[in-house]
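Got some structures for you, see below.
Two complexes, one shared chain (chain A), two partners (chain B, chain C).
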Partner chain A sequence: MNVDVKLIDTKDIFTRLFNENRDAIFSGSSEYVNTIRNKALEEFVRAGLPERKNEKYKYTPVNEYFSKDLQHNFSPKKIEFEVAELFRCDIPELDTRVILVLNGYYFNPLQELTTLENGVVFGSLRAAANKFPELFAKHYSQYAVYANDGVTALNTAFAQDGVFLHVPKNTTCDKPFQIIHLLMSNEAQMVHHRNLFILEENSEAKVLICDHTLSSHEFLTNSVTEMYAGPNSNLDLTRVQNEHNRATQLTNTYSHQMQNSNVSSNYITLHGGRVRNNVYVNLAGEGAHNNSLGLYLVDDTQHVDNFTYVNHLVPNCTSNQLFKGILDENSTAAFSGKIHVWKDAQNTQAYQRNNNILLTDTAKMNTRPQLEIYADDVKCSHGATVGQLDNDALFYLRSRGIPYKESMHLLMYAFAHAVLSEIKLQPLRERVIELVDKRLRGELSHCNNCKMKCQ
Partner chain B sequence: MSENNKILNELTQSDYKYGFVTDIETESIPKGLSEEVVAIISAKKNEPEWMLEFRLKAFRHWQKMTMPKWAHLELPEINYQDIIYYSAPKQSAKLNSLDEVDPELLDTFNKLGIPLEEQKALAGVAVDAVMDSVSVKTTFKETLAEKGIIFCSFSEAVQNHPDLIKKYMGSVVPYTDNYFAALNSAVFSDGSFCYIPKGIRCPMELSTYFRINAANTGQFERTLIVAEEGSYVSYLEGCTAPQRDENQLHAAIVEIVAMDHAQVKYSTVQNWYPGDKNGIGGIYNFVTKRGICKGDFSKISWTQVETGSAITWKYPSCILRGNNSIAEFYSVAVTNNHQQADTGTKMIHIGKNTKSTIISKGISAGFSENSYRGLVKVMKGAENARNYSQCDSLLLGDKCGAHTWPYIEVDNKTAIVEHEATTSKIGEDQIFYCNQRGIDTETAISLIVNGYAKEVLNKLPMEFAVEAQKLLAITLEGSVG
Partner chain C sequence: MLSIKNLKVSIEDKEILKGINLEIKPGEIHAIMGPNGSGKSTLAAALSGRDYASVTGGSITFLGNDLLEMSPEDRARAGLFLGFQYPVEIPGVSMVNFMRSAVNEKRKYQKLEPLSSSDFLKLMREKKEVVEIDSNLTNRSVNEGFSGGEKKKNEIFQMAMLEPKLAILDETDSGLDIDALRVVANGVNKLHSPENATIVITHYQRLLDYIVPDFVHVLYQGRIVKSGDKTLAYELEEKGYDWIKEEVIAG
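Moving on to the complex of A and B:
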């Protein structure tokens, strides 16, 4: 990654872009959201994009990504096509409510917001901001802290749309929501989009996010997802990232958990040129539990960097992190995980594990599991390994007549299984297992489901 | 139980056992740092031209640097112009026997529990006593000289063995390495030099007792250990400083070079003044320690017990350059009251079939902050590199912090790198078990902590292990709520 990229002053560029397109960016958004925009831009100008010197971004040169010459769109493009015809991300036997997001804009010309019988509202973030100002005042930009974080600040300033989901008190969503983020353009493009999920007390929801690219152009996505899990709520998030090698994706997921809530998130990175997942968790109510898992399968010159920050703010919370990766060819990957136990957050139980397999000499792994603990009655541990497939196990399989390639495949598959088995929806789990299986065999192209076959 | 009683008595005793000032005439130069001061230090030590040039180069480089801020430490601003950079106990002539040594100085060592004469007779340890920067007395020199071993003060080595110094000084820790290494290279006062010739096994454990004595004196030693092919040496470093209110800066450099099949074992017990219960005073310990396994099958092992200093900031490291070389790092770091520690190690695997082991035990009590920070780096050509790291933290009290920041960078698929860390407190059931058998809580904790640190204490030479165990108990005094 030592390519000498001529760094342009990103602060200048984005400030100019913001000022020149102010009307377009502000149009349609609620006043509250626009007020925050201004503050976020100020903060971005102050903090700037993280450089390599920033410990958080030590292994991923985010500022280089943003200094590329990419196009911006501040209004949804009119693309006339039958999306269902072009794209299928279907999961057999799993009935989902599909929400399409095209280049960062909610895509449903007929209905911007849908209200279900049980009171659940989902749809365009922009429309929701206008319709539910109180909810936005309470939750929007409350968890995605942009102070000292140039990436989130930039998103807060620029993101116009995305998905909004509100689950009222004592409600269980019958079907999982499937958010499909599509990128399609006829030129290199930068996209900022934003999701807000609010789960009120005693509610339950399952969300599946799929990230795809539909055209072969260079893309840079910077997305922020804020999730509020009220008392006793249950949120299950699975994100499947499957973009092409010229795409760069930065995701920032913030979960804020109240007492006895349970949030589980699973990040499966199948494909993508450069991926950086920031996972921030605030355990703010006693008895809350968080599960964060990840699986990254990288090859070619792909780069995947998972960053987690689990904040144990109050006593009696538990958290568990498991990230696994298989690195092939010239790929690089990084993992940086932190468990931060605050003063007086007694009876905390927090675990973290990161296991990696290097398949070639040219692949490179950097891992930093970290503990920062200020309370004494805690049980915390972390572990990290970088290694190869077990030669004994390989020998065992081969001595039973299984060919070398198949044995390797079996072992890698078994290695990945620990993460996959945590996906709670059975049909989804089977589908993801199938995708991973194909990916490991090298049969999965990024646009496996796309009929355009553009690459 | 008598040993336990002894520990208890020590627990209830005064704050800092080693807090006293020896009233010896010292010769100091005025406060401040400039090219002139560097030249004065060099002139006072009667150094050759090349040494002065080295110092000035380092000083000019240091001026261009700024103090690093990345550590998890609350560092007060250090005024480098407010430090005396040279202070030497006044001496008229070189001493040949113990009788000629200033009786007050001997008394100081006696208070420390390291009587020179006793050690000479009983322990078989050669002591190069460094008191405020200048070597006062080197014992057992004759015995060592017979084997061809050179063990002397650094300034003596500059005079008598310039070729060796020129060849190895700065070869492991160049003056450009970091801020404090540059500072040390510019102003270092003295230190120890040790050279083990080919095929020699050093017959005794070499040891240096450092003491920071004169008020306001930064202590800047330099230690250089060179182990030639097939040699072996075990080196002990022990430190105690008198109690003082002003903070004192200690920025030393330790360099180790191990050739083919050579083995170097470096042990440290550091119990400098940690400041009082309110976090006032205490030593800043910013040391650059690094060893290079230059030859094939060489081995370097660091063992450290860190109980003192207001701020400890150091990473004894190993560069595994030779094929099949081995590096080890065993550490116990205890912090109490307002002490801060950011310590760990770096293992850089370059050669093939290299192995490194890291065992780190952190214990924090009171309001202290204790961090482990370590890097394991496997370079592209380091086939079959193997690392195992284990970092455990023990928390005694709810106002202290324990942190683990390992960095693992792997660039070779044949590498196997493992890291695991746990953080926990002493189980109530464990204390109850002891209480039940008539052991009071304070003793129980001392017992459990010692057991917890055993893995590392076992690696220390005998004399050190006993002292280290007692130190653990003293440091944790009053931490039981």
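Moving on to the complex of A and C:
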């Protein structure tokens, strides 16, 4: 018997979509950005989206996600709503500069770009590209390499807006920036958006990114964040992902680090149907240090896949990766982490760890640590574990009168703590700890912070 | 307080305890001694409710309740305490949070309000002095990186915090040097009162120089084969366990 399988060619779909909506996609973007768009589409058509046979995407069928029939908008939808009324952030009382991004578009009807007294500029990426062509020529699409990468190529072709942040030389940002990516639509939708953070020499910034869904429709987000950390700069990124089970999220974060820079990024996946985080790090200046951490708490049929690529290009750099996961029910997760030490990158120190706890027999974890080392004087290590909660520890807690459920909770929380303790911003750390605590108790759902009551 | 009648316990289908009888009243200190493999730790496991120790016969009544029907946490809240032979390291769980949870769970069981933060910290300070435990230890994760002696002191500290009615100290003396042994024993003695009782499980008589028992029981091949007062412990120290074994064989 022949089964008629209808194969949807994503190359065709997106090429057609691009050509049919060319005017809308290009409108408002700078010439430079649009030139890159064309090249990225060509590369996308050549490379295509990764399929199962692609080793990098072995556990996450990205091509299938993009084959779905989803709507696209190439101009901000007119959604009249008071964000404050509809959306209460899970991280309140945190003194931050809040930046809203609605369905991929910077959302502030009054002001597209803000310049602070100390010269820090933040706001709409699209507006910034027009205003600062030199900065874009120097940084935009320089770190998010789309060659051979269909996912980033697609973003580079389609993304129109997102958040721009520029911190001038010798400047420390007074408050953290809190970027809230909101998804809200009355139909299933695909969103591409893009952030560019530039930290000049000896500057410092802390950024918190929150990803949320505000309506119950199916969403697919493909986002790219490019970060340039100039010499001696300090960048701290925390991303809290809290989307619903029908949402699919791909994040691609690229850090390019100059000498003695320090970048720390922390990916806390509280909720989401399917999540793939690609974390790319280039240690391009001597003495640079990178921390990449992740915590994923999955249940139901959720799927979270973290992929890291830490590139030691020059000598005397250090990197540290720690990803931890707790998997419940029928959830699945994957971790694939690579440390690449180039021939000249002597005296590298690079560490990687991935630890997982499976709470059920049906949860499934795939972990693949990889080292590729061409220098001979390096210290590198990697380790991965998949296991259960420690029964002896559980009994120890219970024998002191702490109930079974609470004891389980304490142990899960303790397991997660190593990642959370690395969040440098203290009020944020406390708040994230509280969120994780709630999540582990099953008290947090993506609906907590939304008044839509769509379920 | 505690009444054990004809208790039979198996581990992985092998019968370890073959009919234990023991009565313990408030104010008493009982020592349970015996050679390796006689079932001492299995008795502690059965009393505290470890699931691998399956009770196949007999009964245990604790303060009028059927202990075997109770979960480990209920046993603890009702006033039973096990001092572990091998205390578990739990990285990431702070001693303070652990003890706060434990103390407040017990208070909940007693229908009391949870302690305020300041009252709780005051209680911690008081009890730390009782057991001469280093302040730094209680600022760390539970038993993480503690030495053998520190772990055992920490057991006594927890006992002081929870004020159990019946404490079972399972080989608390193992791995202790003489100074740590004295500190641990002092702690136990200070906590002892006419209202509570203690079971000291030990292989050696040494600990009993410091904690003086009212009764000594010798466990051998899953049965209490001999009971007496503290002089029995000295006799064992002097003669070893062989004469007991011979007596049993002669039966």
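In the analysis below, the second predicted complex is superposed on the first by the 444 of 455 C-alpha atoms of A that agree within 3 Å, B and C clash if a C-alpha of one lies under 4 Å from a C-alpha of the other, contacts with A are read in each partner's own complex, and residues count from 1 in each chain.
As a convention for this text, a contact is a pair of C-beta atoms (placed from the backbone, for glycine too) under 8 Å apart; a residue touches a chain by one contact, two chains touch by 3 or more.
All values reported here derive from a predicted model rather than from experimental measurement.
Chain B and chain C, once both complexes are superposed via chain A, fit side by side. Contacts of A:406 after superposition: chain C is touched, whereas chain B is not reached. With both structures placed on the common chain, the touch criterion links A:415 to chain C but leaves chain B unconnected. Looking at the shared chain after the overlay, A:39 reaches neither chain B nor chain C. By the touch criterion stated above, A:438 is placed in contact with neither chain B nor chain C. Counting the residues of chain A touched by each of chain B and chain C gives the higher count for B.
Within the superposed three-chain model, A:346 lies in touch with chain B and out of touch with chain C [touch as defined at top]. Touch criterion not met for A:52: it reaches neither chain B nor chain C. In the superposition on chain A, contact of A:380 is made with chain B only, not with chain C. The superposition places the C-alpha centres of chain B and chain C at an angle of 70 degrees about the C-alpha centre of chain A, rounded in steps of 10.
The superposed three-chain arrangement places the nearest Cα atoms of chain B and chain C 15 Å from each other. Looking at the complex, you find that chain A touches chain B at residues 55, 343-344, 346, 356, 358-361, 363-388.
Residues of chain B touching chain A in their complex: 70, 378, 380, 393, 395-425.
For chain C in complex with chain A, the residues that touch the partner chain are 48-50, 71-73, 75-77, 81-82, 84, 87-93, 97-98, 101-102, 105-106, 109, 141-142, 158, 162. By the touch rule above, chain A contacts chain C in their complex via residues 390, 392-393, 395-404, 406-407, 410-411, 413-418.
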